[in-house]
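Next, two complexes with subunit A in common: one pairs it with subunit B, the other with subunit C.
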Partner chain A sequence: MGSVPFVLALVCVAALLFGAGRWLNISYAFFAAYVVVQYIVLGTAWNILGGYTGYVNFGITAFFALGAYSTVVLYKLAPSLPLPIMMVVGGIVAGLVGLGTGYLTLRLRGIFFSIATLALAVVVQTLITNWDYVGGARGAYVLRPRVAPLIGGDYIQYLFLLMLGLCVIALATARAIEHSALGYGFAAIRDDEGAAEASGVPTLRLKLIATVLSGGFMGMAGAPLPYYVTYLDPASGFSLNYAVNAIAMPLIGGTSSWLGPVVGAVLVGGLQEYIRVTISSAANVLVAGVLLVVFVILAPEGIVGLFRRRR
Partner chain B sequence: MDASLDLLTNAVISGLLLGGFYAAVSIGVAISFGMLDIVNIAHPGFILLGSYVAYFANTVLGMDPILAAVIALPAFYALGAVVYQIYYVAFERRQDQSLGGLSFFFGLLFITEVALVLIFGVDYRLVQARYIGPSLHFGWIELPLRLLVPFLVSMIMVVGLQIFLSRSFLGRAIEAVAQDQLALRLMAANPTRIKRVAFGISFATAAIAGAILIIIQPVEPSIGREYIGRVFAICVLGGLGSFSGMVIAAVTLGVVESLTSTFFGPSWAPAVSFGVLLVTLAVRPSGILGR
Partner chain C sequence: MTPLLQISGLGKRFGGFTALEAIDLDVQEGERLGLIGPNGSGKSTLVNCICGTLRHELGSVRFAGKALDGLTAHQRTRGGLARSFQLPRPFGTLSLAENLRIPILYAVNARAGGGLAGPAIDARCRDLLAEVGLADKAHRLPRDLTQIEMRKLELARAMAAQPRLLFADEVMAGLSHAEVDEIIALLFRLNGQGVTVIMIEHIMRAVMQFSQRLAVLVAGRKIADGRPADVVRDAEVVRAYLGE
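This part shows the complex of A and B:
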């Protein structure tokens, strides 16, 4: 499939999903589906760096929360600003932080980058906790408009539509990367960075591109969060669940293609939602962690890889 | 005595004591990451496991937390050996240490944290012991026993391990693994077995570190994450695989953090380690005493 038909197909699937939601018109369905689609975006974003180049980013919460908190700042400065613009700003902020961290640490062995991102999550949380303007440790309230702009209906429908749109863009980007020179460069870095460097692949530049794209998408995924939760505090914005899910879902689905994060997010996200409703919310967070460990040990190629091997 | 000088001296002293404690927290990673090249980012989670073992023994059995940790040492060692065996079979043998191995330890960190939340809840827990509370006074200098005891325990552990590694046969074998695994294989020795022992030891240090952590401060399951940045900052700054470098780095970080929290407020202290880590990685990735 070419790139244009692929994007068209994605848009069709997204439109169908949204249409089905409108027809059902259950708010809960939108709230639950928003989380799953958000995780598809986060998983895809993580996979652009982690799956394609092999550099593990643990600082998902940092990028995600940077997006969320730039929305809080914009909300305080200009409450009437349309949410899509806030998402772009959140993406830019997170992308720039990714660029800075990557520039300082990506020249070393991959592990140092991973450790730096782990520490980045802690330091961004410290900064936000100490920043009174965005609510500090007390948290910030964001008023969600009752009615969605443009499309009418409940505001959550608008949030879901935006996240769906972002998801289409993220998946199209990921797939385009896979089939481009950029993607082959990434794969070369993943397989043997020394050999790639020696054959003239500009490894640092490619790694920086991947980091910025990955961080930017995470920031954009986080930007609507304040409107979704309406009350955002550092403890929930920086919850480790986001990081674990965003890493677990691509690894469970399979890191080698754009389909992996989708499969992982739909399966794990759906399972978690099911457990949250039927058993308890404490048990649901454990699921991703346990599945992550089981899959990296027993099926490192993920679900997509299992099917591919059988074929 | 000038009040601010007084404050400064006490901040430096508590920083030194705190740094000594950081050495105990970091030594497990100095062994696993620095010598064995196993990036065990779950170590802070295991340290918290140690804290809760000490908490349990202290509140239920009325046992001294450090004694409880010493009793728990063999169990932690065995757990570490099991974790290494899984890691070896699943990742090291497949040459998949970076993506798979890192995610494995990240998953373990998360599972440990959530399991502790499910068992003990998210409230802060603390232990009772005679040395928690009183302080020694030398003029205007105050030495809280709550910090002094962990400092001494930590130093005993670090020095003991250093002697073990440099004097005993097994310790030298571990040093040899750290230097050149291939050469060891060519001498018909089995690096995997030695690494399993070493990883078990590194895991066992978490029992002691956890017990003295809960002596120093009340503990809840998520504070392990704060220690990840700190521990790796110390190991990188100290130069991987060098114990003396690690101790110097730990004490340095302790003093800087203590000064930061005295003069800018304790909520800024976690940012210090990240700054140190980034500057080290950017300027001198081999650390102050790196090989």
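This part shows the complex of A and C:
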């Protein structure tokens, strides 16, 4: 399938989902679906760097929360600014931090890179916690308009629609990368960075492209969060759940293709929502952990890997 | 005529160990040079320094009239240097055809006027695999290959970058008599197309048959450089290989 038909198909699926939600008109369904779609974006963003390029990023919350907190700042400066613009700003902020991280850690490979990203998350969280303007450790309130702009209805529908749109963009980007020279370059870096250089691949530049794209999408995914939760404090913005899920979902779904994070997010995210409602709100965290262990042992290439033709 | 590759006074240290000391070597365009030496004599280190995998401390390397110092490895590959790795380093998750696609996309297409499009790239990958006898395995993964086939893949990937100068770093180790002849014929064909080839090899039969000139490294120093027949009779070379 070409790129244009693929994007059209994605838009159709997204429109169908949104249409079905409007028809059902249950607020909870939108709240739950928002989380799952947000994880598709986060998982896809992580996969661009972790799956395609082979650099495992543990600092997801840094980028995600930077997006969220840039919205808090914009909300304080210009509350009437449309949310899509806030998302773009959040993406730019997180993308720039991604660029900086890429530059500073370019000599680090494997586990050392991962540890550096973990440190980044701690550093950013400490900075935000001590920044009074965005609420510091107390947290910040964001008042959500009662009615959604443009489409009417509950505001959560608007949030869901935006996240769905972002999801379409993220998936289209991921798939375009897979089928381009960039994707081959990423794969070469993942498999053997030295051999990639010897084959003419500008590894540093490609790694920076990956960190910027990955960080940018994480930031954009985090930007609507203050409107979703209406009260954002560092503990929730930097919650370990985001990091664990964003890594577990692509690994469970399969890191080799754009479909992997989708399958993983729908499966794990859906299951978590189900357990949150039926069993307990704490047990849902267990799901990602247990599934991750099971898949690492039984299907290291994820669900998508199971269905791939054996070469 | 200025040589294609000019190495002067090149030195490389690893801590207190001198891996290469004051190496001078000129290679003319279109030449076939054999580079030999006992294990650990610095042959691969020399290749790594020329190709940018390692940085050397002393001396300079000029290629096609331009200084290479400070250029990254990928810039040198784009400039026309290509190498095979002594221990094959294939891209493990990519098929054989895709392995060859990387240098075509990133080295050949990065040069002026080198824009190959999709079908042309596929055809080129097929041709290259056919040249090394791996055509029927184009869609397999490197892990399905034998060590020997991996060396052929390594050579094909270096060739895919369409270099002006090719380093064949022990591509024949472990190959059978007939396969060695095949690779020699292949390298002769490449040379006939104008590619300068530096062959690093322990198989003397191949080196003697292929090389127009032979350089010998021992303990990081170049001890001989000249016509192959003369070099192998050189007293110092004989002593390095066979002892007193």
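Just so it is clear, the second predicted complex is superposed on the first by the 308 of 311 C-alpha atoms of A that agree within 3 Å, B and C clash if a C-alpha of one lies under 4 Å from a C-alpha of the other, contacts with A are read in each partner's own complex, and residues count from 1 in each chain.
Throughout what follows, a residue touches a chain if its C-beta (ideal position, glycine included) is under 8 Å from a C-beta of that chain, and two chains touch if they have at least 3 such contacts.
Predicted, not measured: the structure shown is a model, and the values here were computed from it.
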| item | value |
| --- | --- |
| Which superposed partner A:I151 touches (first subunit B, second subunit C, both, neither) | neither |
| Which of subunit B and subunit C A:L24 touches, first, second, both or neither | neither |
| Subunit B versus subunit C as contact partner of A:A15, first or second or both or neither | neither |
| Touched partner set for A:G200, first subunit B, second subunit C, both or neither | second |
| Touched partner set for A:S256, first subunit B, second subunit C, both or neither | second |
| Partner chain(s) touched by A:I85 [first = subunit B, second = subunit C, both, neither] | neither |
| When both partners are placed on the shared chain, which of subunit B and subunit C touches more of subunit A | B |
| First (subunit B), second (subunit C), both or neither touched by A:A188 | second |
| Contact residues of subunit A, present in both the subunit B and the subunit C interface | none |
| Partner subunit A, residues of subunit C touching it in the complex | 51-53, 72-74, 77-78, 82-83, 85, 89-95, 98, 101-103, 105-110, 139-141, 144, 157, 160-161 |
| In the complex with subunit A, residue positions of subunit B that touch it | 39, 41, 86, 90-91, 94, 96, 98-100, 102-104, 106-108, 110-111, 113-115, 117-118, 222, 225-226, 228-229, 232-233, 236, 265, 267-268, 270-271, 273-275, 277-278, 281-282, 285 |
| Touching residues (chain side subunit A, partner subunit B) in the complex | 50, 54, 56, 58, 101, 104-105, 108, 110-112, 114-116, 118-123, 125-127, 129-130, 137, 240, 244, 247-248, 251, 255, 282-283, 285-286, 288-290, 292-293, 296-298, 300 |
| Subunit C-touching residues of subunit A, taken from the complex the two chains share | 181, 184-185, 187-188, 190-192, 194-204, 256, 311 |
